[in-house]
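Input: structures, listed below.
The two complexes that follow have subunit A in common; it is paired with subunit B in the first and with subunit C in the second.
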Partner chain A sequence: MIIKTILSVLAFIVFAPFAGAILTGITRKISARAQGRDGGDITQPISDCIALLQKGRGENSGIQGYYVKVSLFFNVLAGVLFYAGMDLLMTIACLGLGIIFMVIAASVSGTYYSRLGADRLAREMVAAAPMMFMVAIGFYVRCGSFDVKDLAMSGPVAFLPLLGLFAGYMLIPCGKLRRSSFEYRMPHAMYQKDMNSIADAFDRKDAAICEIGSWYEKTVLYSITYLFFANGTLLMTAVGVVCTVLTAVLQGIIENIEPAADGRRAFKSAWLWAFVIGIVNLVIIYIII
Partner chain B sequence: MDKAKSIKRDSTFYIKAGGGLIALLSVAFAVFHGIKGNMIVLLSESSAFWTVCVITVAAAVVMGFFAVKDRNIIAILASAIQIAGLLWFDINIGSGLEYAATLDLDWFAVIMILITGLMGGIICWRTGGRVSLLISILAVDGMVLSDDLLWMYMFWTIITVCAYDIVVHDRNQADECASRMLLINSLAGIGFLAGIIISGLIFETVCLTTLYLIDTIYADMISTACVFIVLAGMARSMQIPFQGWLSHEYKTSAGTASLIQAVTLVNSGAILVIKMSPAMGVSNFAGLMAIVGGGLTFFISSLNAVTEVSSRKMLADSTSSIMGLVIMCAGIGTSESVWAAVILIMFHSIAKPLLLTGTESKKLRTDVVMGVIVMMAAPFAIVLLQRESLASIVDTGNIILVMIMCFSGAIAILYWTRWLGSLIDEAVTQGIEPLVFKEVSPFKANAWLLIISIIGLPFISMYMVVPYMEELFGGMSAAANLSDNILDSVVIALAVALAAYPVYKGTEAKAGSKDRGMHTDEETSEMLRKSKSTIKAQVICNILSVVIVVICIGFTAVNLAGLLGGVLQ
Partner chain C sequence: MRSVAKIKDRFKIPGLKSLKVNSNWVFHFDGSGCDGCNAEYIACLSPGWDIERLGFRNTGNPSYADVLLVTGLLDEEAKRGLIEVYEQTRPDCKVVAAGVCACTGGLFDGSKGILSGADSVIPVDLYVAGCAVRPESIIDALMEITGNDTNKGTPEGEETA
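Take a look at the complex of A and B:
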């Protein structure tokens, strides 16, 4: 059991960035197709990142680089806690800490766009936080535990009773990962980095680390999606993996339905949906159980 | 002139020495308790009873005197009502009651006395100040120890009087704050007294242990008395609809503010509610009022804190929001939720004075470095600890509460993140020298206290809070899960250490970044401030809180009429 835990944690640390990168590649490809372009290869993000790392340090290095690394550390820690089967809320808290340190990194870097991006990143986190909490609560009510170990191995399949929360969870990280509306996260291509992003004041290497951190984050987020289907049997594991990939595809499509929404509206609608969906779904599962 | 100066210096010295003595005594008390275990002291002599009565009346008279000086008619009336009511009760009913215990030396008392003593000592050390500082710290200790509502009421009134005295003599002359504080607290005193009179009349006891016992036999009967006492505690802890005095609180100096917000006044309200928690729950009116009032305050004060520009106002708002969380947890009245309440109040008491002092110093000096490091601990500690309270709230099955918790948790994270970002930004811009270990300052002592409490969280929980929960609620508490607590403590410590490392190492002032000073990071708060939804939310929450108080008091009054009819027949 311990060996299995250690192996899955190690597997996460090694493979998560690739999984995140490939999922990013897939969504990018879908948006490209939706806009009538061919789009790059699905491994394009990885080669971008490697190219960026090879370019070496620029003149921009400073204290922000340190905080970018701390942010990466907490994203990895979130995944480690998740794959070690520990507390789901703690995983979410660590993801939050990852974002908090990214906000700090951007706000100490001292340029206008970075600080603007930091503020918007913080707002995006706050927009998504209620839904994240509610998903954890939904799992807790359904399966009686916050521990990922119990949720993934022995708990009943949570997908149907938590359908509303699943939809909300799928939509809100979608707004969270959406590039076009908030325009503060990493832009699609690295050469755009000095145009409009939180990484405005980051050096090239830091930007690459920031990107790797976001892949880890993405993998953890999709792992939580997988949790909706898991109950420990082989069949549901397969179903879960397929459905998680389908979710990523669906998110890519939704991203293109409404490409531009201003921050205020996105914030309001995120909260409104979290409120409505949360109340309805929680009432239903309290009644069922 | 010289003589006056030397006298002043002497008095400051004595206050500091007194503060040190209190800190030492509180540690000694903890050690004594560790050796001897829980104890109950019974002072059943009528001389003790009448002494308490005389002291309480004297304190209420002083309160009335302050009210006259303040030309505050409602406060004068409130003091008069309290004096008359107390005398009537003591002469007619109180003297005939039987007492089970006067002082209760349990683990809760140890925790709160340690916090109050050490933090009070540190604040005395830093500010010197007036004798009322020492008296109010001792009064909080007394209130935590007492098991007798009349004794608690005595210390309660003394705390009010001392707090008024401290705020009035604060160097910033925060007059309006003082008069509002006096008004709210004198009204709260009436609530407390009403609770005492009701429990004396109907249950024929004013001992908390006996009241808990009655509560386990006749479920929820106690809430008729409890609802008034909880109302008093909520008014004192700046819960809506009573947070009026909060809006002027920021005018006081940092020392006074930390004493009032983190050690004496506000804490004593929360302590009162926590002490009543076995008699509360989701099914009775006292619990309902505490849960809804606390939850709404948590939400609305977090919202206010985000929209606030001045950091002092933000800190006052954050105090009231965290107290809302504490009172909500106490109101739920299960062992996990009360566990969370105790831990929250501990972290808040230790962290808030550091944050407040951080706002006072214009420039970051070497000895502030330690403080800046640990200031970051507070946000993380508070954010991560909400997990425990979340679980206990979900267990109640109250969906509205779950919603309040999720949304206000999100806002709380936002304002702590903002604060953290601007702090580190400031530290990086101005440059900080590396830490000097040899220097001794109250600030550093406070910082070390916070570090110890973060690292020692599993042990504090295991050996201090959980025994109290078991004694109060019986059985093994789920909060006793040691591995969870260790995980908490490790993640908090990691976050603090990693965030603080560059500040600790020391930085050079950064030159040439011309964009500094552009407060673009205000965009989100600007958006929330101008949004009509924010104002609507404030209005709705205020109305809701008033409605819930009226409903709870109304139903209790109806119950009470029935019960009193029975008593009188």
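Take a look at the complex of A and C:
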């Protein structure tokens, strides 16, 4: 059991950035096709990141580099806790800490656009936080445990009973808020040529680390999506993986056909969804089960 | 760190720097003028030409750039900006002057306050002629200067000059 846990944690640490990068590449490809372009390869984000790393450290590395690395650490830690089968709440808290350190890094780096990006990221986190915790509570009510190993291996499939929470989780933290001129971390759309948002004043290496951190975070977020379908059987594992990839594709499409939500609207809709649909969903499954 | 280097030597693991990746970052600097060459570069990003499929990527940070693309007329105001941008680029960042105004000053060369092209301010590696410069010429120049030999044909619906 311990060896299996260690192997899954190691597999996460090694393969998660690639999975996140490929998902980013798929989103970029969908984005390009939606605009009538061919777009780059789906491995292009990896090439971009390697190209940045190859350019080495520049002269403008400051204290923000430290915060970026701490943010990466918490994103990796979130995944390690998740794949070690530990508490889902701890995973969500670690993701939150990763975002907080990214906000601090962008705030201290000192340019106007990075502060704007930090401001947006902080608001996004506040908007998404209730839904994230609501999802964890939903899993607890449905399966009777916060531990990922119980949810993934032995719990009943939570997708249908938690449909309201699933929709909220898909649309709120991963979907609509991220799409804007001051996009989360590094923008991937070609027309966003002058704005690098949070990574605006980051050193080359720090920007690459920031990007890798976002891939880890993305993998953890989609792993939580997978939990909605998992019950430990081989069939549901396959269904879960396919549905998670489909969800990522669907999010890419939603991001392209829907306009960006401004901060206030995003905040209102996210909290409204969390506290109305989320609580109604919880009450329904509490009564039924 | 020394032991890591030893392991790399022992098992002949290629270093990160020796990996060949198809990713070229372009920083675009537009001076003043009619804005035609600026619009033509923006057209390179559009569905008609789409340089993203060739591995090019725009950046707003000069220190990330592989290519500094200069378009438009340069006056004293733009000169200050261009020098500031050039000082932030890496030593091996290439400079491309696109359009006749950026190459020589064009029709406006010798006018009061107008400089004779980008090479009167910073060293230029490649000149691209045209008024306004065609997107195909810009793409050719970018591929030439970065050694990018991707051949993906022409995107759907491309208009040829």
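Following the convention adopted for this analysis, the second predicted complex is superposed on the first by the 275 of 289 C-alpha atoms of A that agree within 3 Å, B and C clash if a C-alpha of one lies under 4 Å from a C-alpha of the other, contacts with A are read in each partner's own complex, and residues count from 1 in each chain.
The rule we apply is simple: a residue touches a chain if its C-beta (ideal position, glycine included) is under 8 Å from a C-beta of that chain, and two chains touch if they have at least 3 such contacts.
Being a predicted model, the structure only gives us computed values, none of them experimental.
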Simultaneous placement of subunit C and subunit B on subunit A, clash or fit: fit
Contacts of A:54 with subunit B and subunit C, given as first, second, both or neither: second
Which superposed partner A:40 touches (first subunit B, second subunit C, both, neither): second
Partner chain(s) touched by A:129 [first = subunit B, second = subunit C, both, neither]: first
Contact breadth on subunit A, by residue count: subunit C or subunit B: B
Angular separation of subunit B and subunit C about subunit A, which is computed from CA centres of the superposed model and rounded to the nearest 10 °: 130
Subunit B and subunit C, minimum CA distance [Å, superposed model]: 16
In the complex, subunit C residues that touch subunit A: 16-17, 19, 21-25, 28, 45-47, 50-53, 55, 57-61, 63-64, 66, 90, 152, 155-157
Residues of subunit A that touch subunit C when the two form their complex: 32, 35-40, 44, 46-48, 50-55, 58, 60, 113, 190-196, 199-201, 203-204, 207
Residues of subunit B defined as touching subunit A within the complex: 380, 383-384, 387, 390-391, 394, 397, 399, 402-403, 405-407, 409-411, 413-414, 417-418, 420-422, 424-425, 428-429, 484, 487-488, 491, 494-495, 498-499, 501-502, 507, 510, 513, 515-516, 518, 520-524, 527, 531, 533
Subunit A residues touching subunit B - in the complex, by the definition given at the top: 62-63, 66, 70, 73-74, 77, 86-87, 89-90, 93-94, 96-97, 100-101, 103-104, 107-108, 110-112, 115-116, 118-120, 122-123, 125-126, 129-130, 133-134, 137, 140-141, 146, 263-264, 267-268, 271, 274-275, 278-279, 282-283, 286
